[in-house]
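Each structure below appears as structure tokens.
Shared between the two complexes below is chain A, which pairs with chain B and chain C, respectively.
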Partner chain A sequence: MSDDTQRDEAAQASSRGIGTDEWVAQHEQRIATSTGPLGAIGRWWLGLPRGFQWIIPLAIALLIPFATSNDYIIRIGVNLGLFLLLVIGLNLTVGYAGLLDLGFVAFYGFGAYMYAFVASPQFGIHWPTWLAIPMVIIVTGLFGLALGTPSRRLSGDYLAIATLFFGQMFLVLAVSSDAVQFPWMDEPIDVTGGANGITNVDPFAFFGFTFSSVTSYYFLLLGLIVVGVVATLRIHSSRQGLAWRAMGEDALAAQHMTIPPVRMKLLAFAVGAAVAGLAGSVFASVQLGVFPSTFKLPLLIMLYAALILGGMGSVPGLVVGAIIMVVLPEVLRFPDYSNWLFFIVLILGVVMTLKRWKPILAVFAATTAIGFAANGIFLALGVPYLTTAEWAEGPLAPVLGAWVFMPEDRTLYGNIAFVVLLFAIAWMTTRSHRTRLIALPFVLWLAVFTWEVRLLIEPSVTRQLLIGALLIILMATRPQGLFGKPRVEVL
Partner chain B sequence: MEYFGEQVVNGLIVGGVYALIALGYTLIYGVLQFLNLAHGELYMMGAFFGFFAMIALGGPSAAVVPVWIMIPVMFLVAMGGGAALGVAVERFAYRPLRKSRRLAALISALGVSLFLQSAALLLFGARVRLYDTGQFIDLTSGFSIGSIRIDVTEIMVVVGSLLLMTILWFLVNRTQQGRAMRAVAVDQDAAVMNGIDIDRVIVITFALASGLAGAAGVMSGLLLFPVDQYMGIFAGLKGFTAAVVGGIGSIPGAMIGGFIIGVVEALATGYLNPTYADFIAFLILVLVLLIKPTGIMGKKVMAKV
Partner chain C sequence: MSTPALSLIDLTKRFGGLTSLDHFSLDVATSEVVSVIGPNGAGKTTLFNVITGVYKPEEGKVLLNGVDLTGMSPEKVAQRGIARTFQNVRLFLNLTVRENIKAAMYGRTKASLLESVLRTRRAKSEDKENEERVLDVLSFFGTRLQGYRLDQPAYSLSYANRRRLEIARAMATGAQVLLLDEPAAGMNPAETKEIAEIISRLRAERGYTIVVIEHDMHVVEGISDRVIALDHGVEIASGSFDQVATDPAVIEAYLGRGAAARK
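Coming up: the complex of A and B.
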């Protein structure tokens, strides 16, 4: 070990800060010194100067619009930008202040509707953008403050469910307010446009420059995210950030350290809501419309999944979590890509859990054999089936077509396989290591069969199913996320 | 006045369903101090299980067994299925998190909720199912008080929910396991020291709570509520509101809360705009939380450090 690394370690030890356990710090180092090609990339990345770690992804993001003229990719980038902005706002409320706000998506929707009210033909009002955006941010922030008021009395669970209720209420209100009868008016008026939403929303326009193309919004969002990331990094160790984080860890202890809990909670709510409002107004103008179906529960769960996947309170974690959560569903949209992804994840998962070559090869050989055996059984039973040419596509087709039996009634057999798969996984996790190894090929084959027969043709359901499963598994195995620090409870 | 009476009766009937859901929240909260956000999904699954039990017995119009066998079978399947599912959820989604932060368990519950919803969508399809109760129960039968009509299904739902509540009360207050449950609710560590198997108590609690949710699902189906994969969200939220109104952790509180929510909601539907009836439950929740967070029957608890 050279002098340099020793000095680095000493510096790290002193900068570790109060409250971080030594074991935890070493744990981080153990991860950093992992071997293999992934470890090498990780070490190279961690060895870069801190500034570069931010500049490289930013440069890549800046170059994307010049490298491709594909509108679809830019649009994914815009979705990612909006999503990331929301996650940054959610991180303040949930990651720092520890308030489980399950009505967060309602603020996003509220911001979008507010912008649509003042900049669309809905009421014939067309405010200039420089006036509309600050208004939306302030009103949404105040709205967050108002909703935060009951949170004064509420801790954890109660707050979660009260805000969840609120989020659902917002949705009902948005859908049903297409004929509101005000007492002082003769006829009911259309406020939100009901399930069809509001269309023809004005695009942003600053001082003569109109944001007409998707690319222009891409750059706008990139700018907003840079601001958001820098702000989050600044807040992290600021007076305010420390107060929030202290309250998130232990509200009672924080109160005894003279941190005013009510004011901190309300502020966290308001700031998170304001960021969501901003994202909402950008959303309304990118889409040139607002539709209530956007603000449903799955979006909220996706946001939480992104926040948790990366690790709450960690900025690189937010970025990576958002990228995974936005790009992955897009990949799942194309059967060809999602097939590749599925097999790569499956094979990597087996390789990483078994680690040694002999059992890995044995498991794969057994899985292959089971596949052919199952084909024989299905044929012997006389189950009507589809030929390879009728269902398989892409480069994997010849292999899959020969190996996977595709029954004609995909729904029935797929559903049975899905239920059996759930039972098999549940059974397997409660058994000994030996039994698990023996059962693994069967479960793998069942997983592939379920995937090819049923899940692949229902991408939107599969996406939600996988996100739900991901949250459960992540919480059970690595609740601190990919980038978060593991917590050591000190009693 | 007659209209008023009618709305109150309707409210009491639906309130029975809410009370059963609320009991589930309260039972689990009492034992684990944890809000099972996925509880509404078990209610939804119960409604589906009951529906498919009915289809398996020949369907609403051509049942192969008499009605008095079919309906108990539907209830048994839904309660059994719900209980099994609830125990599985506890075992795989909540038990690994029992020692970690509260936030982790809540997020896991959110995952369970999404997973069950999309699993229902995958397995049962997006079609809305109706029990079509009129095909096998004569909805014109029943009796009237003045001009208020109560049909057989409604009587069955009210009697059924009261019966289940009585059984639950008996189980919790008069049996050895119930005593263990109450002991765990008061102090987990002390319960362990007295030789109570906590895992067993928690499994039983989840089985009871989810079984009740399953029964509530069948009842709402029999009352002709549409059955689809999203029905659990609002029912769960209202059940939770009922539990909070009654005082979370208190079993009689959950019953009273359920009936209160049902009646208030029915009155709001009858006298105000029906679209905003869902709002009433939310307003009640916020008001109760602001004025008396411990609910009607709840006890004030000091935070222990």
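Coming up: the complex of A and C.
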């Protein structure tokens, strides 16, 4: 919207006299025109021609397999694709309809097993893919409908408990159904393969083309995600989408406004389950097997984390949330990458909280100065240290080597710094804005010191720690998620 | 006499030992405005809840244009043509003004989820119709809910505008009978006057049949064709505003036996 029309609107509003809530009306525009470096990036991104916000990420995703021949990266891409497909399904049930479904992963597993049943040597059945996939989608959708029936009477926490139970029950059944005795059979039969799962599942094959490489599945998933994203965007303001969102806001009011609650709840469950079932069948064929351990609680938590992190109901949020939850842990396996990531997140965090150029630059300058001062103090005290060449690696080495003091006894100094850092952060959160600003450079230096001295050398622990810290900071500063709109419960 | 738009026959609703509605009967003619008054706990909101299907009455019937709606679920009642507003405003706060109104049109549209995703001809034409209806419904409230406010979330609206939006949302369901539960509660005198005008215009311009629960006697006086006074679930007086306002039983219900005697 141009400035002129905005001003006209405002003029009109004030001439109307009564009930002018211009300030409220312009609330979102004020956010959009935020100052500082992030505001500039945001404006550039939103200023791109219509559609480019989607075309650019899609183009990047399409080019990745051509840019690299590294199978590992493509495999992460496939994992991301599966994960994103699940998040898209979960978003319908949780993000739109507001049904807290903690049994969601069971639908994923159910779909995977259903595909394996009809396309593996387990029962000697090998359905063609064009028949197997629709069957899996429909059957999983019906399964979702069945599990959705408690939602007729339950809502909120109670529904969460009931669905969590179903999810766990599925897992137990999957593990223990390797010797099922049917009354009309002499021998018990192996249905799910127990803890070992089902192996040698058929890959997808459409009309002579077999999906044999990981890359082929990458493109298949990319296609499915494009369909899923477009569908989600269309559902958002369709009559069903509006009905779901209205129900999530106020179920009783929605019912009085012609929206049938039971029907819409069951539809949300069934559609979410069907999407998960589709993802499950892709998973079974890309892995060439199904194993029950995949469908445990951590996956559910990761899915919810992605949904909450990105912002419920926001499509860009789903994509970014999924990328963070899948790609981040992989990146953090390598000290070199995690070093980069640490500094990017740190700098980004400071930029996001301070917002304006001047304090940002002042804080970074002060942090640099404190680093050199600390070096001087450590040297004066005669603490034994390692030279740059002895510890620093990678492209950041020359900078960090000169700036970070590396004591010989990394464990001792690292542990002390870590404890002090935790206390400093806790102390800082209770102080006034001014005090926080003054303390920030010290805390930043302490964080870098702890990171370089102690954490970087233990990636397995650091991964969890860093992701956890990121989630806490993000939820504290943006409870609505990265791309979610701020919600109001009662006002 | 033609069939009344809304006909309540012998409605009784009990909560354990408490009888909230006791053999209550009422006929409302098409395009009539009936006000229901009564002290707190008289059973006014229970009456609305029984009509709209939140509660199933123990006895009695609710007829809309002669069709029995007793025991239907709220969404069915709304689809058949009785829409309501709430005493404590219940908007979809995080939906925009436009979305609030479009959500209430669910019962008037038919496109399936698949059609919505594929944007078939039916889904598109229904959506276009809905957009026109949004503007039509909102034009009824002047400029208050139009322009930039159309795409603002409902929580950003002022209290009075929220009340207006709730009426607009009820209109959007396509109902011909509106049940308004204290539409002027919490409003200042100017806004109260405007609400009274809106209710009069709803009937005059759009032919709605309206039942209003209201405590503000100026509003009741200004809009009602007929006033019903309720106490302990029983109709204690009915007739024109002047008749009901001077009825000893009504004064007793509000102020106690002594006040009625002094009068």
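One rule holds for everything that comes next: the second predicted complex is superposed on the first by the 306 of 491 C-alpha atoms of A that agree within 3 Å, B and C clash if a C-alpha of one lies under 4 Å from a C-alpha of the other, contacts with A are read in each partner's own complex, and residues count from 1 in each chain.
By definition in this document, a residue touches a chain if its C-beta (ideal position, glycine included) is under 8 Å from a C-beta of that chain, and two chains touch if they have at least 3 such contacts.
The model shown is predicted, which means the values in this text are computed figures rather than measured ones.
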Chain B versus chain C as contact partner of A:261, first or second or both or neither: second
Contacts of A:235 with chain B and chain C, given as first, second, both or neither: second
Partner chain(s) touched by A:199 [first = chain B, second = chain C, both, neither]: neither
Touched partner set for A:388, first chain B, second chain C, both or neither: neither
Contacts of A:252 with chain B and chain C, given as first, second, both or neither: both
Chain B versus chain C as contact partner of A:368, first or second or both or neither: neither
Contacts on chain A seen with chain B and repeated with chain C across the two complexes: 252, 487
In the complex with chain A, residue positions of chain B that touch it: 34-35, 37, 88, 91-93, 96-97, 100-108, 110-119, 121-123, 233-234, 237, 240-241, 244, 275-276, 278-279, 281-282, 285-286, 289-290, 293, 303, 305
Residue ranges of chain A touching chain B (in the complex, touch as defined): 98, 100, 102, 150, 153-154, 156-158, 160-162, 164-166, 168-169, 172-173, 176, 252, 297-298, 301, 304, 308, 415, 418-419, 426, 429, 454-455, 458, 461-462, 464-465, 467-472, 475-476, 479, 487
Touching residues (chain side chain A, partner chain C) in the complex: 9, 12-13, 16, 18-19, 21, 24-25, 27, 231, 234-235, 237-243, 245-246, 249-250, 252-261, 267, 271, 485, 487-491
Chain A contact footprint on chain C (complex, rising order): 52, 54, 73-75, 78-79, 83-84, 86, 90-95, 99-100, 102-109, 111, 113, 116-117, 119, 123, 126-127, 143-144, 147-149, 152-153, 155-158, 160-161, 169-170, 172-173, 190
